[in-house]
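In the two complexes below, chain A is the common chain; its partner is chain B in one and chain C in the other.
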Partner chain A sequence: MSRTFQDAQEKKRKQEAYQQLVAKRKPKPPYLRHFLVAFLVGGSLCALGQFILNIFMRRGMDMNAASAPTLAVMILFGIVLTALGVYDEIAEFAGAGAAVPITGFANTVAACAMDFKREGWVLGMGSKMFVIAGPVLVYGVLSGVSAAFIKYVTGL
Partner chain B sequence: MAPKKTGKATVKFGNPPVIIGTGSVVGPMEGRGPLAEDFDAVLPDMTFGENTSEKAERKLLEQAAWIAIERSGIDKGMIDYYVAGDLLNQIISASFSARQLEIPFMGVYGACSTCAMGTAMGSMIIDGGFADYVLVACSSHYHTAERQFRYPIELNVQHKETSQYTVTGAGAIVLASSGSGPKVTWATTGKVVDLGVKDPYNFGAAMAPAACDTLLVHLADTGCSPDEYDLILTGDLGIIGSQLFIELAQEAGCDVGNNHRDCGLMIFDRKAQRVGAGASGCACAAVVTFGHVLKEMKRGSLKRILLIATGALLSPLSFQQGESIPGIGHAIAIEV
Partner chain C sequence: MDYVIAFLIGGLICGIGQLILDFTSLTPGHMLVLFTVIGALLGGFGLYQPFLSFAKAGALIPVTGFGASIAKGSLLEAEKSGIIGLFTGAFEFTGQGLAVAVFFSAIAALFFNPRS
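Let's turn to the complex of A and B:
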């Protein structure tokens, strides 16, 4: 065996041993707390959405017509909380409970807009507003098209 | 054979440079931490009256430099070199502060190890006879670092237990060929060590092997034992990195448990201030060492310390491309 090969083997062994040690010393996230808080906060946001939807429906809109203004209200709500510097605090506490609902999606766009505004309206805010939200849109559209295609082909 | 070099990677200063002035400026959160009283200035807010965080960081660095110059009692014009660095692309905080200071400038990058690396280089310049006075400084800012390495400030992310909180602040020292004050006696230049840690939210684990390597090389080169130092101070390993550092050192037959402390665990009250595994950033080791530890040395409670400032030499690009995180640790010994 050549010297360099032995060295490489030794290095690899050392790396693996260290990575095992790191995995052992890494604190385990409090999953139960995370699940519970995400469920409660996420659920509350959804309940709020339902409440607003009901208001629009009571004013005579049907379900389909009422969902668009409901989403607009929730997006506005998310943006206002972001602008006030509150939404990231909620997310720090609630994790996915704040990130997954549409208010979280609004937050990703608003947070980027706020952050990159300093680099100008065009090259800053305009071009970087969707840095975080972009992948959601791209793969959202892609999976939508795929689902529609499968439906069309199989005739379900 | 280089006459001042001892062993593999250590320099012994024949005429040890003296730290004649220090300056430390921190942000509001650091100002509520346990070391608050030792910092020279605490900012009331993160923006420092500027319209961008980058400008605020620059101003922090300039202010720390000015305080150090003032405390040293010498005229700015007498300083031969300004050695500075920070975390931002093209080290703009350092370069732009040099624009204001108008001192011949050497910009350096060592990530969070910059303060020890800069001090070692400044000391070499002085002991080599190339300068009488060298100003060394570095800075970091929570907002600028988050923007560059992670996410926008207001984004809905939940910080992990292993992630570390970047210190907002700047530290500076004036090194002189003569005068009174603590002296820089040894400097050990670290080598890049990478044991394949890829998690950008666990810097402590990525840097611990480098810190340990530098410690062992330093002790072998100088013939010192860890007990001969009152304090072995690591830069920003945090709680997980510190644990790993102690274990790795123990494995190599070196017991540092008694006199080891980590700057990343000293500057904040980790539990109450919710900073994950601890603090990080160029300013972490700089303000704790230049602000707190050097003052402790002046008060007489510490005589001989070894600072191993640690850095994670990654870029956002490198970890997105799936590369592991190279770590480094630079050591300097300071004695009164």
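Let's turn to the complex of A and C:
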């Protein structure tokens, strides 16, 4: 009894010492390189978005009207790259550069749909498609409608 | 010129997101929610529109633009048709994209398997 207790304590002490060592030795993330890659990849996706926006605006839409189909096309683009397995590879090295543009939102929806179909078409794919993208939608609507309400009522 | 500004501004927003990931303990999920809420609040008070007019896709494509689009639709529709419009308009600019996301993600799941 006391033997196993001592063993357990010894093990815990060793684990703590190891974790301290890991924290001390762990390399800091290469901030600058991460920033630059995110900047370049994210910027490129936005330039592509600009290209699509220009196509819709050349067909006579103003920017308000053109923004919806532009978002839709970028989302479709993100889903196609996800289906082909390309987006996950981009996301691996681009970090926020792949996550922040709307294509990243599309990527999480498509990836979850593809992942969770093994749990069934209704309770897997159907219910878990928005497991990652859901919070963005929930808090976007919550804060967007609230802000619009305040602006509408007070006329700020 | 539009392309250069969209590239620079959009890239900068993504770069800031990366710095948040590296310097804080926020997960990507939290960072995206934070960006969306910032965009939605700015959009609701009409402050995102000047930024959008300047940076165009550089402001629209990052997820901040998604939040701002929700707020903008909500506000425009409320000004048109009263308080109920807040909810009518929430998906005015984003609904199309959401329908595309749901529809084609389901199609993708039907025909493709995850790589790993």
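The working rule: the second predicted complex is superposed on the first by the 129 of 156 C-alpha atoms of A that agree within 3 Å, B and C clash if a C-alpha of one lies under 4 Å from a C-alpha of the other, contacts with A are read in each partner's own complex, and residues count from 1 in each chain.
By our rule, a residue touches a chain if its C-beta (ideal position, glycine included) is under 8 Å from a C-beta of that chain, and two chains touch if they have at least 3 such contacts.
Fair warning: this is a prediction, and the values are worked out from it, not measured in the lab.
In the superposition on chain A, A:G85 contacts both chain B and chain C. Of the two partner chains placed by the overlay, neither chain B nor chain C lies in contact with A:E10. The partner of chain A that touches more of its residues, comparing chain B with chain C, is C. When the two complexes are overlaid on their common chain A, residue A:M74 makes contact with chain C while staying clear of chain B. Once the two complexes are laid over each other on the shared chain, residue contacts for A:I102 go to chain C alone; chain B is not touched. In the overlay built on the shared chain, the residue A:K26 is in contact with chain B alone; chain C does not reach it.
After overlaying the two complexes on the shared chain, residue contacts for A:Y18 are found with chain B alone; chain C is out of touch. Taken together, the two complexes place residues 29, 82, 85, 88, 95, 99, 104, 110-112, 114-115, 132 of chain A in contact with chain B and also with chain C. For chain A in complex with chain B, the residues that touch the partner chain are 14-16, 18-19, 21-22, 25-27, 29, 82, 85, 87-88, 90-95, 98-99, 104, 107-108, 110-112, 114-116, 118, 132. Listed in rising order, the residues of chain B touching chain A in the complex are 51-52, 147, 151-162, 195-197, 202, 205, 209, 240, 243-244, 247.
Listed in rising order, the residues of chain A touching chain C in the complex are 29, 31, 34-47, 49-54, 63-64, 67-72, 74-76, 79-80, 82-85, 88, 95-97, 99-106, 109-115, 117, 125, 129, 132-133, 135-137, 139-141, 143-152, 156. For chain C in complex with chain A, the residues that touch the partner chain are 2-3, 6-15, 17-23, 28-29, 31-33, 35-37, 39-41, 43-46, 52-53, 56-58, 60-63, 65-72, 74-75, 78-79, 83, 86-87, 89-90, 92-102, 104-106, 108-109, 111-115.
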